[in-house]
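By letter and in written order, the chains are A, B, C and D; residue numbering begins at 1 in each of them.
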Amino acid sequence: MLLDWGYVAVFAIVGAGMVALPLLIIWLISPRSSYPQKFETYESGVPAIGQAWSQFNVRYYLFSLIFVVFDVEIIYLYPWAVAARSQGALAFYELLVFLVILTLGLVYAWRKGALEWV
Amino acid sequence: MPWYLELLRAVAGTILIFSGVAVIAAMFGVLLERKISAWIQSRLGPKHVGPQGLLQTLADTLKLLQKENIVPRRADPVIFASAVIVVPLAALLDYVVIPFGTTRAGPLIFRDLNIGVLYFAATSALVVVGILMAGWGSNNKYALLGGLRSAAQMVSYEIPMGLALITVALLAGSLSTVTIVNAQAGLWNIVSQPVAFLIFLVAATAEVNRTPFDLVEAESELVAGYFSEYTGMRFALFQLGEYGEMFAMAAMAVTLFLGGWRGPILPPVLWFVIKLYALIFVFMWVRWTFPRFRIDQLLGFSWKVLIPVALLNLVVTAFFVVVAHR
Amino acid sequence: MPTLTHYLVLSALLFALGLFAVVTRRNSVAILMGIELMLNAANVNLAAFNRFAAPGELQGQIFALIVITLAACEAAVGLALVLAAYRSLETIYVDEINVMKW
Amino acid sequence: MTGEALAFYVLAALTLASGLVVVTSPNIVHSAVALVPSFLGVTGLYVLLNAEFLAGIQILIYAGAITVLILFVIMLTEGGTGMRARQRNEQGPIGAAVAAAMAVLLITVATHTAWPRGAGTLPAYTTAAIGRSFLGANILVFEGTSIVLLVSLIGAIIIARKEE
């Protein structure tokens, strides 16, 4: 098993090198200019107003929040799915209880309007 | 096998996959996209560079190589530069667990991990971080808005995709992709799991930010989304990430639902390629046929339609596999 | 071969880093990040004890799984609190959040 | 030095170095992004500890979900605008001393205790074994999790939403 992941590590390291290779090439051959307007932030051609780093709508947070909760739910289902087949009806009822409780959460978010983009 | 031979094998496999994806998915994929869009819109598409325009993308790449490499003055240089590596690398890490075919020596796969499907979900999730880095690092309003939209969209569609993956894993009783393909020897999963297949396909389209889910780089409102500020080869690397991810999603759909390399008469690798390109054609066809969603429709569709349907599908499948099977 | 002690020392260092962030940072998001580092250190310990002290069963890994679950819940609720504090007090710096009621 | 030891030291260095960036960087976004390599280092350690399933969910939850959540909150509150604000309070030296004392204490305990060495081997396929235990001895963990998740979902939505 460690060998499997050794392969994955090699893939990641060599892969990062291969992605970086074109960057090295352009660093060597690409032209450079010192024309100051080129380094301005693009805002459809007019001078940029203020920073882009500012506040955004809280809606984005609500969605990522519900996402995190459901993502955690999903990690519990992976081992369940692998083992369920051999365990009989108990596995099914267990899943049913688990999902019903979580569906309550989804219904709550829905009713409270957390899934609306207003 | 001695360790240096293993290392050599791993390095060679990596280089093969990376250059394969770069040439077949990115270069040829871009050309295919342009040809198909031209065909759908009754145009001709690229025609002058090489026979039938076959070398068009190569010419484009050579052009991009000579372009200036601009880092905006107000950008965050470290994050701006590292996002270029993270996005394509995370997309290409998916290919570790995709079985391309089979030979007498065993399946043709970089490494058949025990947690294959989970690994696939995890590496696709890493792309989101890269996109947020690109959007924030550019310090550009279009880029940041594109990055945030993209992240909200990708995380929303990760849930139905994960549920579809779990349904398939339940059928095979394993997370290993090779076992899942072998479990489809009698019947492809698309027959028994058409709903999961559709959910996976829709979620995959959203994960790779393609129309009708391309709000992220809605060119009429957000220029090029999170990679607006990237020039030359860096732009090309984002394209590599995007097309690499699209091919990875299609390849995963083939593996999970269309029986992977399985098929009569023709060699397995060829079957895999045929199925892969059939799905790629579907992706492109959809892109050039449908208009774009609004963001509220987009997120609502995932949470109010796909996730309830996927949950129901999982329960029904579990009933048939676990209870009725006995 | 790394032994149990190697892992314990590593996780002690990681835990100390997280603790340092928690006691010295002003930004509440950075404090939450420190807590995540500490939880990670605890998880490394759990997995290491599982592997070296009780390899016959998986209780350590299941504990780590619970910790990851709670870490995700903690992040979701904690960051929601940060947002709520920012909305009513317009700051996320913990030493400026000094009123109990608004 | 065996491959496993080499991997351990590389991963430990990765985890601690990026952890140091998380803790010390004056730029909050840099801290958040540095969390990712730190989590990936821990992922590698899980692999070395034969906890494959934990490694998978470490990437999925920590690197893919919690980091995204943290980045979102940074962008929803201060973005990069607060970068010039002081990030450290006045307890820097004391905090460093406390953290160092904690590290010394923990390392002393770790190196001076005779830890029990258990017999047996970990199951080769940990995901299936964890799944079986969810259907047996740990059934309450499985069901309890759903309640914890439900409660935190409701709580977080109530806190994060604007009061009407």
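Assume a contact is a pair of C-beta atoms (placed from the backbone, for glycine too) under 8 Å apart; a residue touches a chain by one contact, two chains touch by 3 or more.
This is a predicted model, so every value here is computed, not measured.
Shared contact partners of chain A and chain B are D. Of the two interfaces, A-C and A-D, the higher number of touching C-beta pairs belongs to A-D. Centre-to-centre, using mean CA coordinates, chain A is 20 Å away from chain C.
Chain A and chain D have centres, each the mean of its CA atoms, that are 17 Å apart. With centres defined as mean CA coordinates, chain C is found 33 Å away from chain B. Rounded to whole angstrom units, the spacing between the C-alpha centres of chain B and chain D is 28. In chain B, 113-115, 118, 136, 139, 144, 148, 151, 155, 158, 175 are the positions where the chain touches two or more neighbouring chains simultaneously. In chain A, the residues that reach two or more other chains under the touch definition are 1, 5-6, 51, 53, 56, 58, 60-61, 64-69, 71-72, 75-76, 78, 81-82, 84, 87, 91, 99, 109. The set of chain C residues touching two or more other chains comprises 65, 68-69, 72-73, 75-76, 79-80, 83.
Shown are all chain pairs that touch, namely A-B, A-C, A-D, B-D, C-D. By the touch rule above, chain B contacts chain A in their complex via residues 6-7, 10-11, 13-15, 17-19, 65-75, 84-85, 88-89, 92-93, 96, 110-115, 117-118, 136, 138-145, 148, 151-152, 155-156, 158-159, 162-163, 166-167, 169-170, 173-175, 223, 228-229, 232-234, 236-237, 295-296, 299-300, 303-304, 307-308, 311, 314-315, 318-319, 321-323, 325-326. Residues of chain A that touch chain B in their complex: 1, 3-8, 10-12, 14-16, 18-20, 22-23, 25-27, 29-33, 38-44, 48, 51-53, 56, 60, 63-64, 66-67, 70-71, 74, 77-78, 81-82, 84-89, 91-92, 95-96, 99, 103, 106, 109-110, 115-118. Within the complex, the chain A residues that touch chain C are 58, 61, 65, 68-69, 71-72, 75-76. Taken together, the chain A residues at the contact with chain D in this complex read 1-2, 5-6, 9, 51, 53-58, 60-62, 64-69, 71-73, 75-76, 78-84, 87, 90-91, 94, 97-99, 101-102, 104-105, 108-109, 112, 114. The touching residues of chain B, counted against chain D in their complex, run 3, 76, 78-79, 82, 113-115, 118-119, 121-123, 125-126, 128-129, 132-133, 136, 139, 144, 148, 151, 155, 158, 175.
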